[in-house]
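See the structures that follow.
Look at the two complexes coming up: subunit A is in both, with subunit B in one and subunit C in the other.
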Partner chain A sequence: MDSFITLFVDDEEEFLATVLKRMKKRNLEVVGANSGEEALAVLKSHHVDVVVLDVRMPGMDGIQTLREIKREFPLVEVVMLTGHANMEVAVEGMELGAFDYLMKPVEIDELLYKLQDAYKKKSIQEEKIKQINTLKK
Partner chain B sequence: MEDSRYKKLQRVYIVLILLVSFTPLFLLGGIMYYQVAKTYRIKIEEQIRYRAISQTDSIDLFLKERTAILAAIADTVNFDQILDEKNLLKIFEIINLRAGAFVDLGVIDQAGQHRAYVGPYELRGLNYFQQPWFSEVMTKGVYISDVFTGFRASPHFIIAIRRQEDKNCWILRTTIDPDIFGGIVRSAQIGKTGDAFIVNKEGTYQTTPRFYGNILGKTDIDPSKFGGLTTVNEEINSQGEKRLTAGRWLKNKTWLLIISQDVSEEMGGLLQTRNQEIAIILVGSILIILTTVITTRLTVAKLEEADTRMNELNAKLLQSDKLAALGKMAAGVAHEINNPLAVILQKTGWMEDLLEDEALKNSKEIVEYRASLKKIEEHVERARKVVHNMLGYARKMEPRLEDVDINETLRQTISMLENYARLNSIEVKTILSPDIPIIASDQSQLQQVFLNIISNAIDATGRDGLIEVKSAVGETTIDVMIADNGPGIQEEQQKRIFDPFFTTKQTGKGTGLGLWITYNIVEKLGGSISFNSEVGRGTTFTVKIPNAPPTEK
Partner chain C sequence: MGQVIKRITDILYRKKTLDDSEVEELRNAFQARYHFFKLLLNANNKALEVMSEMEEALRGDRPFGMTYVRALCTTVSTNVWQIVKNLNELAHGKYDELNSRFKAIQQEINPFIKPTHHPNEGSLTLSLNEIDKGFADQVGSKMANLGEIRNNVHLPISNGFAITAEAYRRFMEHNDLQQEISRRFQTTDRDRIDQLYGLSAGIQQLIIQSSLPQDLEEAISEQYRRLEQEDGKGITVVMRSSALGEDFAETSFAGQYRSALNISGENIHQVYKEIVASKYSLQAMTYRFNRGIRSEDVAMCVGCMTMVKAVSGGVTYSRNPIDVRDDSIFINSVWGLPKTVVDGSAASDLFVVGRANPPQIVRRDIPVKRQSFVCYPEEGVCRLDITGEKDSLASLTDDQVLEIARMAILIEDCYGLPQDIEWAVKEDGTIIVLQCRPLRQSPVQDSMDKFVHEEDDDSVIFTGGVTASPGVAAGPVFLARKDMDVLRFPQGAILVITQALPRWATVLNRAVAVISEHGSTAGHLANVSREFDVPALFGIEGALDTLKGGQMITVDADAQKIYKGRIEKILDTKKPKKMLMEGSPVLEALRGAAQHITPLNLLDPAAPNFKARHCTTFHDITRFCHEKVVEEMFQFGKTHRFPERSSKQLFCEVPMQWWILNLDDGFKQEVQGKYVHLDDIVSIPMLALWDGIASIPWEGPPPVDGKGLMSVMFEATTNRALTPGLKSNYANRNYFMISKNYCNLSSRLGFHFSTIETLVSERPTENYISFQFKGGAANYQRRQQRIFFIKEILERYDFRVTIRKDNLIARIEDREMEFMKKRLMVLGYLTIHTRQLDMIMSREASVNHYRTKIFKDIDQILGLGKARSSN
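Here is the complex of A and B:
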């Protein structure tokens, strides 16, 4: 499988750092952001394929961030990370175009599979866009 | 304490109402009786006074008539004519025919010698010179004697008239029939106890009284007490009877007519009135007391009931307020715990990742490390479950309304617990009403409710128990009763069993969230949950679910 870049967004620094470390150990290209605002800045300067987004964050929360991402980078896939209490938020996220949601605390392997699925979807979509573009020419 | 407060209130009410009712009743009754008695007394006094007056008048008239007849004869005949007993007899017969009541007629000369006589006694030739009345009539001219026995030895009185004929002086004397005279006097006797008689100034009976005494006997009435006009007194006679007595002197001022009447007979009408009044007041009082006691009891009972209901409602509100606050707090705590748990899990995951490194893989203690990490993960998982439960049920969750068959839900729930019950050799008996309608509710949440209560019951009962699950149609609810014959809930624990984290189970065996969650679900479904527990006999939980008809599709 092609390598892809994942952006992890979580306000819990320890959590973020550890997840990044574990992903790197599994040979995944990852970047991290502490808040929604920071995530949008990273997206502007880096190429990112998939975003893992915590919904409960101070400042710009998950849903707002998701909305911004989908507006500015519609091709980027987003996986929501929610607490159990935020099922409604998860549903809202799905309606706003998130790829899927995972419940915290999450198994690292489950997360890995989900990321690969998300990237696959993104690749297929990019492939389709390429084809349309070729047809246009 | 509460009880005596209501009892006291009841007593105060009763005493107040009775006081307010009885005071005017008795006052009115008393005053009215007093007034009636006074009027009545005046009336009977007037009556007896009037009778005395009219009776003396008729007696006076009787005596005046007889005196006048005698005087007329004495004035029209002369001594020689009257001495002829044939003439005397003729006069006697005429006056007895015209007026009556004359027993005899006699002529006495100035020496006191009885010269001529007609009548039933042999009085001719007797000399009256020594008799006290003889000098009396000689000086006064007209004389009516007191009753005396005289020569004939039987009580009688006489009327005597003196005739002055030139130098000669003679007396015409007659005896009045005591029976006729007594009869006139007695005609004033009225009723069973009425008496009428005449006494003289010395208190000697001049006619035979009806009761206790004889003619010429002494009376215990003191004549000096009776004045010039008619006097009415109340006397108590020798027999101890209260008698109302009216006395009036005759015109000759020597005889006193007494009319008396037993007070109790005269007052009989009043007595009857008094008894009627007492009876009415008595019946009224009993009715007032009964009505007061009954209505007061009812009112106080109603009040007590309302208070009890109010207290129950307050207790319920307090309970739901407390649980809501606890729920909010628990949810907040759960959120805050969730994040550190996630970090811990990532850290242990990272450590496990690192243990895969070749260098560490060969370490002696690698097994111990791995085991410890697994334990940490296990306990994080345990904590996570608690948080999961709390967040799961504390969050705002609208129940999904669907068609629910309560009986079916109960059967499903029981079948889920069948193995668990069998392991503990507990019998689960179902008595399900066939009339339970399909209602609009949330099946999975109801299942959760029944599951929690029944599994609690199984845990509480221990071994060889019996659990009874009943369903019934209530007024506006479907009622599900789950009864066990376990040890029951201690009284001090009963207040807390719906509190989150309250458990009687061993640490690690229960989270203490089951009944709290159950309570919240039932509240959200618009129902209510209650229980009744008796230590040593078991516990019954009652869940009332609103009987809402399913929506039309």
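Here is the complex of A and C:
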């Protein structure tokens, strides 16, 4: 699979540092952000394919951030990752277009598979848009 | 995206021939569909996995908490949601109705897993004068009981006040503690006790370092000033937990929380936080966890009462705790504060009072008492060595013993239940009730009374001691000396300790028995042992020196004997262990939620009720979507005249009665013409299956006894579905749908119908095999026999098998590729060889013959692997 860039958003410094380190070890291209606000700033300045988003953060929470990402960057796929199992928030997130909703602690391999699948979905969507544009011509 | 496919479809039907760009478009459309299909299968698989985990948890024989229940429900919901979404992506929204079914089912589940919100009413503190037993919801049952005894039974009780459940909630909200605590809980692996240790310490620190809301701080100070007015300036207090929800049926929260003796006014606020924090002590957490008590249901109320400078003190049981038929009153007493009786750490006097009229002392045990606990003048308690002849004197006079017995009877009458009462004797001789709670009695086991162990004397290691909790058990000895030994305590061992301290309660869910050198049956550890049905024998002097770690012993707590080795004759008398989770709020919550998740009502795809609107559980939705998505995928491949993608007949020396539909990357290269050769197939799971199918040739139908053939003929004429030619082609042919990592085989061989679906790749967590086997000619009884025969075979090769009527479902998940391939070979073999087995099922001899042959064949296939089958 071609390489893609993942943005991890989590207010917990320790978790963020660990996951970035572990993902780099698996040759994944990663960037990190500490808050929803920072995540949106990163998305404006960097190319990002997939976002892994913490649900509970001070300031802009995960659902708000998801809403913003999907509004401004509809093609970016978002995987929610949370320490709080909440069925209603989970379904709300999926309805807003999240790719999946995972719960901590998550197996690092399982997370990696999810990211690959999310990126695959993004590629397919992009391919489709290209086709529509060709059809229009 | 549905529109994109629609457009492509339109183009396809408009023209007969496709140019290159259109082929490319179609290939992309197919690839997109296949991707949704794979995502759906992943979600389908995960959903089924969680459902079976749920059913396992519902058996209630292993502990779990509310966060686990919520995590299960959330995982199931998100996956079922994805199943519905991906099916609708594939089928252009054809099954939109499922969305409203999903929402409706989710609404039904919600109430069971929502955190309970207690009404926000009441004061932050209440004086003991204002409290009676009706206040249990505000101040916890312990303080409510004391208020009742003081105000309605009129027994002497110290002045005091309660810090209420409302105060607890205000404190937790003020710092947003509950959210943080839940988060930490979820991210901890609870099966690992070292992680639990870290979790417990972290949460307690978090609570202790949080600030109290201003109004709560002032309310506590105000109550203390009132106590000073009643009992004198600078008085000290005792502070005890009085948790809400700690007294669910049959659970006594013995000693799980902190109490603090002799606290000065300036430290009350700090100690309050410490007691609240003790809700998350390792003992309390494991206790709740093991008993299925919802953590958020436990609000920590705290009682705060003027400290009694006790001359002597102790614990009274208004009845015999280990014999329901004995109504004698048991009084354990020591010099000084009753602390050592409560925590079981030292010898105490025992007085037994018979309920004659008037009551009489029927037994006095007065051991040497070397130490006592007394109050320091300013704050805290200290341990004193008892000197002189006082150490062997009784700590109570006979009059005091009878007075204490009288009070116990009064309190028992008030509650109508046996009571466990802690009391103290003041310097002026007044007896003060410190706390009381219902006593849990263990029934005597009749057979045990008469049981005579005819063992040789030299197998007995110890005789004597006191029965702290009845029962018998055998296991390896574990000598525990330090706190940290808790971390190493193995499942199924016998805990051997020097003092019966409450902290050892943490391992009671893993221990099969407890032996302690010291400690009384009135202590906390004894209480909790009885509650957990763990036999416990106390007062075994020298146990730590005599017993060796790892040594196998049998503990007979009823007969007060310890034996070398396992004594089966004694163990046979053991009663079955009760379900710990039964009746607990957590199990009830799971049960409530699961009734909308796990039942499967839509069994038969051919039935008229197999419709989206009839899905009433998440399992129904899952089943329905799976059936429909396979249909959708199949039809797409059939209706689009796209040479490269439509089905081919398998060619293996000759054309075979097997058709192959390549979904994505199942062929090595583009295949022209109507046949595909085995060499051109690169589908990992299909090749494994084929290895099993082709490995050992089928010998033809087994010899049929006359009755068997008649039975088959009869069914075939009455069941139209079994007659070839009457069903669609889809149902009649044997189809493989494949990609590199996926294979779905629907086969109809002879009279049975089976479906194998499997995903095998380098991602072990996504790997699965699902096998369904159904129907077949022969009468119901024979079909049943055959299905159980297949179950037996599959279980031998690691499948998890469930049977509903004559429908068998077998699954394997999460194993690595090589393992999965071997298991697919087993299924391939069975697909060919079990057909028409029901014809021979009535003869035990032939069944045995085929069982032996099948096991031999399969073992041979698994041993030889691919080398043999490829020739």
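What we mean here is this: the second predicted complex is superposed on the first by the 135 of 137 C-alpha atoms of A that agree within 3 Å, B and C clash if a C-alpha of one lies under 4 Å from a C-alpha of the other, contacts with A are read in each partner's own complex, and residues count from 1 in each chain.
Going forward, a residue touches a chain if its C-beta (ideal position, glycine included) is under 8 Å from a C-beta of that chain, and two chains touch if they have at least 3 such contacts.
Quantities reported herein were computed from a predicted structural model and do not represent experimental measurements.
**Q** In this superposed model, does subunit C or subunit B come into contact with more residues of subunit A?
**A** Here the partner covering more residues of subunit A is C.
**Q** For A:14, is the partner it touches subunit B (first), subunit C (second), both, or none of the two (neither)?
**A** Touch partner of A:14: subunit B, not subunit C.
**Q** Quick one: classify A:25 as touching subunit B (first), subunit C (second), both or neither.
**A** first
**Q** May I ask you to decide whether A:104 touches subunit B, subunit C, both, or neither, giving the answer as first, second, both or neither?
**A** The answer is both, since A:104 touches subunit B and subunit C.
**Q** State which residues of subunit A lie in both footprints, the one left by subunit B and the one left by subunit C.
**A** 56, 83-85, 87, 104-105
**Q** What part of subunit A is in contact with subunit B in the complex they form?
**A** 12, 14-15, 18-19, 21-22, 25, 56, 83-85, 87, 104-106, 108
**Q** Report the residues of subunit A in contact with subunit C in the complex, numbered from low to high.
**A** 56, 83-88, 90-91, 94, 100-101, 103-105, 107, 109-110, 113, 117, 120-121, 124-125, 127-128, 131-132, 134-135
**Q** What part of subunit B is in contact with subunit A in the complex they form?
**A** Touch residues, subunit B against subunit A: 331, 334-335, 338-339, 341-343, 345-347, 349-350, 353, 380, 384, 387-388, 391-392, 394-395.
**Q** Provide the residue numbers of subunit C that touch subunit A in the complex, in ascending order.
**A** Residues 1, 4, 7, 21, 25, 28, 31-32, 35, 38-39, 42, 67, 70-71, 73-75, 77-78, 81-82, 85, 106, 109-110, 113, 179, 182-184, 186-187, 189, 763, 765-766 of subunit C touch subunit A in their complex.
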